[in-house]
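In structure tokens below, several structures.
Two complexes, one shared chain (chain A), two partners (chain B, chain C).
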Partner chain A sequence: MNDLMRQEDLFSNPTTRVPICLCLDVSASMDRIVGGQTRDTGRKVFVDGREWNIVEGGVTALHEMIEGVNLFYDNLLDDDVARYAAEVCIVTFGGKAQLVMDFANLDRQEGERQQKISNLTAQGETPMGEAVNMALNCLEARKNEFKEAGVDYYQPWLVLMTDGEPNGASSEFERAVARTNDLAKVRKLTVFPIGIGDEADMNCLAKFSPRRPPLKLKGMNFKKFFEWLSASVSRTSQSMPGDTVKLDMEGIKGWAEL
Partner chain B sequence: MEWKSICCAVQGRGHAKKNLPCQDKVARLEANGVHVIALADGAGSAALSHFGAQCVVNRATAFIADRFFDLIAREDGRSVTQEIFSVLLQALRDEAELRECTLKDLASTILIAAVGDGKFFLAHLGDGVIGYLNDSGLKVATTPDNGEFSNETVFVTSADAVARMRIFKGALKNISGFILMSDGSEQSLYSKRKKTLAPAVKRLMHRTCLVDGKILTPQLEQALSTVIAANTQDDCSVAILAKPSAQLPPLNALPLPERQELFQIAGSPAFRKVTKKISRCDKICTLLRRPLTLRQIIRRLHVKPLPAKKKLNRLLKTGVIEKRNALYKTFSG
Partner chain C sequence: METRQEKIQPEFLERCVKDCKIFIDTSSFLEESTGKFFQNIVPILQREGKAIIMPKSVGLELMKLANNPDYCKKKYSNNPNLNALAINAVKNINVLKKAGLIEIHGDPDDGDFADNVFLHVLTKKRMQYDMLLITQDRGLAGEAIRIGKDNRAVHGMKKIFVQRIDKNGFLQKIFDGKESKPASPAETTSRSEIPLNERFAFTKEVTQIAGNMPVTKIPVAGDTVTAVRNNDRRQIQLLEELGAGGEGSVYKTSISGYVAKIYKPEKLTRLRYEKLKLMLSKNINCEGVCFPLALILNQRDEFVGYLMRAASGRDLGKSVFMPMLLKKYFPRWNKIDTVQLCVTILKKLKYLHDRNVILGDINPYNILVVSPTEIYFVDTDSYQVEGFICPVGMPLFTAPELQNQKEYGLRTLGNENFAVATLLFMIMHPGKPPYAMQDGVGIKENIISGEFSYPLGERKTGKVPKGPWRYCWSHLTYQIKSTFYETFWRDGTLHSEKKRPGTGVWLRLFEYYLDLLKSGKMSAQDEEALLIFPTRFKRDRNKTYAKCKLCGKEFEDEKLQDGICRACLNKGEKYFCKRCGREMIYTNRQKYIEKVERPKFCGRCVKNQRRKNEVEERRAILELFKNRGY
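For the complex of A and B:
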């Protein structure tokens, strides 16, 4: 306590926020086996644009992604500054676009986080445009809330992960591409389009990112990606006004095929 | 009653961790009947912005003290900002040549407040806040000029700096205090939601009027480092101009507990011993409203030299009186 300045005579402004929107593919193809022991059942199914063999056991791409997202949360919660700065929103697309977690302080999401993320299931088609539009709507709404509450914020991030190609309404897709481009071109949004596996449509992902080519996940290295993402959020949250936050390009090599 | 000023900048936790210098710089100057304070926050992205910020506050205070009356007489505000920038950029170009760097390496914001002959002048470019105190309380003159995002702002070296600088001039009337703060101090001294200043600002202005800057500056530095810097990663700085008024009462108009605090006298005022000590200090401060030598003081107070000197030294330590060229005087006049 200082004689000249008493704590009760001061204001406490909220921490400057880093809004991050994870827009994740949970279409049926994310149930593909990427590791572990499997047993073929002999049955086949046609879903999400192609025919699949049904097996038992094994580790799916979705499992890996869920582990990555949980690790992302854990890392942010472990960081003294990022914990209060980061705000995460999760929109998934599998059959339909769905808001799984709306923007909120991490501590407030913690109660339902594990359950909501772990319960994600892979199903249906890939309505990527619908999901990106939903993500951008959430982002706009949150920014308005920040403005009303006098909360400062950094450029929001949109992480778009898919293992296939969009097959929702083409008008929604075009609208999502246009909205994302408008924001990204004037640096009002940082977009990270990430392709999973060999079948990810990189051309389509590129349409969302006018400033940076999409990156392809090395194997199923979700863990490395989300580690890199949380470290980048942490660096941004500790930057000061006027700082230019540069992305850790060296770190990208650990998880992306360049 | 004359205007007093104080300024102070401390390194933020973020810069301490990275072993970077404090990029907030402050300056004050009293010359030609003008009292000026300036504050600059060096850009985090500019390698030598601490030199740029220092250069800009030094040049700005000298220039405004020199040209205050001419600047406030002009009707064309644009010509005022253009002249300020031509002077600041020339100083930065010289600095860049000296440091063998680019102008951009020296990027900083700039906030200025000046008073003279019943008039004031304010200038603000970039983030940070300028506040003032009038008869109805603390007011905000300029809010931070950020873009939409927290890490965007405008610097002296930016292309659109001239157009974005905000300037104000006017008659002081019932204004008795100004404060400049960087965005680090803003975290604790300014409410972003309500756009108001924290009550602590008024206390700082009051102390600026009553306590000698030599004593108050280290106290302010400690307050910035321990209280304000704890709420941010950024460097923290403030510069204050103030004079006694109805809002900032002079020493003799203060209630007893406040005088006791200023005289740094411990104990409950319920004890006669304590009130006696306070009234002795009151007596000296009243006597010293005009400057006196030690010999004159001894004669007026009818005390022996040694105890008189001891009492004066004690009051000098509190900063409520000052000593200049063998003359003792109550700091606030």
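For the complex of A and C:
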């Protein structure tokens, strides 16, 4: 994306921004089948910490997640205020941490959004720490751009979703935990750690979130979750900065195992 | 005006007799029409068992005038009838005294000057009684009005009304002595001139009432309900639901143009019921302000909501405050429209403020815009009236003195005027909050520290947000800029709660601006005057301007070189070095100022070539020497 256009948005759009980092697990285990018809190929593979049967057909966890993220975008774009307030950044971790979408107005991202998100593939290990650090770096950079331009913003959100346990460098993991905690404790970051499936390491996720415990996604309810998230963003974007945003706790029941 | 005054007269007089201590000054006793006035007031006094108060000094003065024609001439030489009027006044007083309708109060330290007595009594009793002073004397009226205005400063103070008797024997407003010229529209209604039946009282205590109202059924679309105000009951039907929110739902009703808000059961508190009853006790009638008009009762006569006028339009937050949506929904708007919008909003705010209604939660989502002259104020049931507070508010519109408070208590007009200034700023800089700035810490923090980044004359911080906002600011009138500056900047003369400009001040400034824009005066000076988003600073009358020959934008003369602006001088034609293929620019400075030809090779290649040539040359010379046998 053109850097100048990214700057231009900061100058001409006065709307108070809601920066949201999606930090998503795309390790090989996200290729697990979670629904649909499958046929066993009889082949096996050892990856991302365990042995897997290879099948054809079916719906993967990644596929559900991609649909959820696209729905998230669609909902935000449908809302007159959220459309100009929300700024989304997506970092994935599967083999390596990767910046899929950097912060920008949603309209700017629209050209490449569908393609980039739909082309996500599940592969490799789970370097969660590296990914969180990358997400925080992007966030810091964007916050500085906001400040330089004189744009107001709400407390940023970090959504961290994983179906396993981190197996990147432990130093990176510790650093990511420390940075997240430092920000969350002074209310400069709202963290939503979310476990997918039974193998998600909830203890690890808990380390990222000093203020609220991690939640486990009910089944593969990605859509419900992202619907809830976009509604929360919409509500935030219509409050005024400094208002304490009350999350819709009742709505959480729709997607989380409580 | 006259007919309205006459219509409300009996009611006003009635309320005054009931609620106020009434004082009459010497000058009013000496008015030709005083007899008519007494004809009006005596029956009410008799019915209510009340009396008018007259200081002893007034009586003494009238006696003196009645008994001594020479004294009349000496003191009031311009009125030949004075002696006769005084004799008549004394007769009237005696009749009233016998009927017990006038009380003569003496005060040991009165002195013999009645004016002092009045001012002394008004000051002393202002915490105890609402008072009405009837006088024809502008000087005295001015002093009395000023004492009445103190009630902002003195908590819990009662009201002081000052009126004169007109030629028909009716009470009329009296201009205070210092006001020599007729007031501008913004000032024509001073608070004391608003009839009592339209004006809420001042209180310093928050009204607290616990508990809920009993309710067995919340009506829904299709149900019949009763709209009640005073003794007027009317059966109406709830039609389709128009919207639902945290407090309840709004329905169309069988009365076209009117809608009903029906609360959720848990929101039907006694506090809300009492508040609505109070709101309905006054006659608040301002086009576009969707104020409660009647209570809505269900079929068991239980309180469930209220009736109001229907609103339409898009809220400011989702139109004017978002430049992309402003363009989408109001594509034809220019500066005249945004300034007109400010005027329209200010008139309604002033109407409410004059009646002691404080909105409390002024924000862009409860003002709906149809056009610059047609707007609607909604969510009026949250407004603060008397002791009933407005429990909500948005930090962006919250005055520094109220930031970080856990609860909103009773708000003052000063608190509210901060929100008014913020709202106006955000209309003139569509959507940009006044305290957004480069290197800002956070909205709340910036409001508290009074860190305002926009410049005024030589005073500047250099932190104005990037983008078109500085140009929007630059194009405002100087008075509006300085009023914003003094209000928002921490050391500004209007920054503190009590000094903040009210709606009257802003209305005058914006009406003047509107006039300048409509008359074409602003456009004559600067053709960008009508742009909501100008592309450059306002033209300075003391400087001359010219257009850049290349980009056509306008600049100060001295900033152009041979008619070309700096930005254009550094731009130019892109091409590639003939030798190495590197991208090069043949700048407009080279082309038009230095007038050199387009170089074929890039700087580096030229340098290399030169070095190569030198080496060649040296070798050639050495060769030459060698050949010659050196």
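Note that the second predicted complex is superposed on the first by the 243 of 258 C-alpha atoms of A that agree within 3 Å, B and C clash if a C-alpha of one lies under 4 Å from a C-alpha of the other, contacts with A are read in each partner's own complex, and residues count from 1 in each chain.
In this section, a contact is a pair of C-beta atoms (placed from the backbone, for glycine too) under 8 Å apart; a residue touches a chain by one contact, two chains touch by 3 or more.
Keep in mind that what you see is a predicted model, and the values were worked out from it rather than measured.
In the superposition on chain A, A:Met5 makes contact with chain B only, not with chain C.
Once the two complexes are overlaid on the shared chain, A:Gln238 sits against chain B and chain C alike. In the superposed model, A:Asp80 makes contact with chain C only, not with chain B.
Taking chain A as the reference, the larger set of touched residues comes from B, when chain B and chain C are compared. Once chain A of one complex is fitted onto chain A of the other, the partner contacts of A:Val47 are absent, as it touches neither chain B nor chain C. In the superposition on chain A, A:Val59 contacts neither chain B nor chain C. Where the contact sets of chain A with chain B and with chain C meet, they give residues 10-14, 16, 81, 149-152, 238-243.
Residue ranges on chain B touching chain A, taken from their complex, read 12, 14, 41, 43-46, 107, 127, 146, 148-153, 155, 183, 186-195, 198-200, 203-204, 207, 216, 219-220, 222-223, 226-228, 231, 233-234, 261.
Residues 10-16, 80-81, 84, 147-152, 238-243 of chain A are the ones that touch chain C when the two sit in their complex. On the chain C side of its complex with chain A, the touching residues are 317-318, 321-325, 363, 365, 394-397, 429-433, 436-440, 442-444, 453, 463-469.
Those residues of chain A lying in contact with chain B across their complex are 2-7, 9-14, 16, 81, 149-155, 188, 238-245.
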